[in-house]
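One structure is given here, and the rest of the page talks about it.
Lettered A, B, C and D in written order, each chain numbered from 1.
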């Protein structure tokens, strides 16, 4: 199946600066969930935009054919980690069509909050 | 009314592994809410995608004409249950147009969290 | 400005059956937020779909020209109130283009949860 | 990159009237997150719509080329502050294409809630 778009945008990027949970699953995070329904691997690159400095990237990774990958901005490291408690936005580009959903888990206060939206297909 | 699309995608699938509520309504769940405005029954099939293994499915069910059905991934059993605390994604296909909305209730911590988005019409 | 669509769909309708807040603003509710940017009043009618019975409606109201109206399903009464703790879906139709956003506030547990999505323009 | 639309709509505007957090990051807020991927600065103007009075605006600001700006309705002041605990909606217009995401943080009760959706491209 050839499903989705090759470029997606998320305008609200933010990694909460603290967590009330300690396990990986309950640590505050900002994530992109990607589905690749193609029979070819997807070579994905993410560019980050900030309020007060030049864009950073690309961050590169592969989403294998017929697989999903849920990626946390918290765990990006190359070319540089993503700062916490800082507004950013992202453009996600792929060489094959993918579907991208944006989800944040915020456990700063004692009871997590969630938000999600489909990214914008651009 | 002939409303919607025949194929929808959700990239962020996840069933929280625990719950602070015990009633069915407060158990953590990941769900697809489907509306069939057609005068024909919708024969729906869902395929699940994972990060590290082959897709699983189809899971099949019917959404009757002029009815809605809110289905929890937690309660899928055939061909196999959906693992908890595991990243997945899903493609929902129907023989008549439907509308699909994705909603998760997460009650791991003492105070539930909610998130929702329209699925992506593909 | 002539903005939006004349028909929108929400697949996940649900009114939580209890609340931890008592003021109107903190009572659990399921709502549609409508913007009418047109210079003509919008005559809106909502049809509700259920899992196990015939559709109910139309519920009728007006959103005046250049006004927004945030309407709670909880407060619908004619032709009949909307049952709580029951799955439903809705189709919103207007004679002029409008924009519809779906939002739920769930305060069953001691700390409210929120979810929102643009409705599906059909 | 020329990404997005020049007009976006948010139908559910609401600033919660209180907060359990005191730092700026935990104060209840209703926000628009904007990404400008263009090489030209985006001159943005926001018009607010209410349930019972004439529209207010425009509120004007610039999102620089290749930058993101996350703007809180709480902090709008010219032509007038946005009332709290009041239903509103907004139309966001720009002279170059932008992407707009709507996010609310509600910390009225002791444990914040989050919601987000892409705005509607009109």
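Some points to look at:
In the analysis below, contacts are C-beta pairs under 8 Å (C-beta built on N, C-alpha and C of every residue); 3 or more make two chains touch, one makes a residue touch a chain.
Model, not experiment: these values are computed from the prediction.
A rotation of 90° superposes the C-alpha trace of subunit A on that of subunit B, rounded to the nearest 5. Different-residue interface: subunit C and subunit D share under half of the residue numbers found at their contact.
Centre-to-centre separation between subunit C and subunit D, using Cα means, comes to 22 Å. Taking each chain's centre as the average of its CA atoms, subunit A and subunit C sit 30 Å apart. Residue positions 110-111, 113-118 of subunit A are each in touch with at least two other chains.
In the complex of the two chains, the subunit A residues touching subunit C come out as 111, 113, 115, 117. By the touch criterion given at the top, residues 1, 3-4, 20-21, 25-26, 31, 33-35, 37, 66-70, 99-101, 103, 105, 107, 110-118, 121 of subunit D touch subunit A in their complex. The touching residues of subunit C, when paired with subunit B in their complex, are 7, 9-14, 17, 49-52, 54-55, 85, 87-89, 91, 102, 104, 106, 108-111, 113-120, 122.
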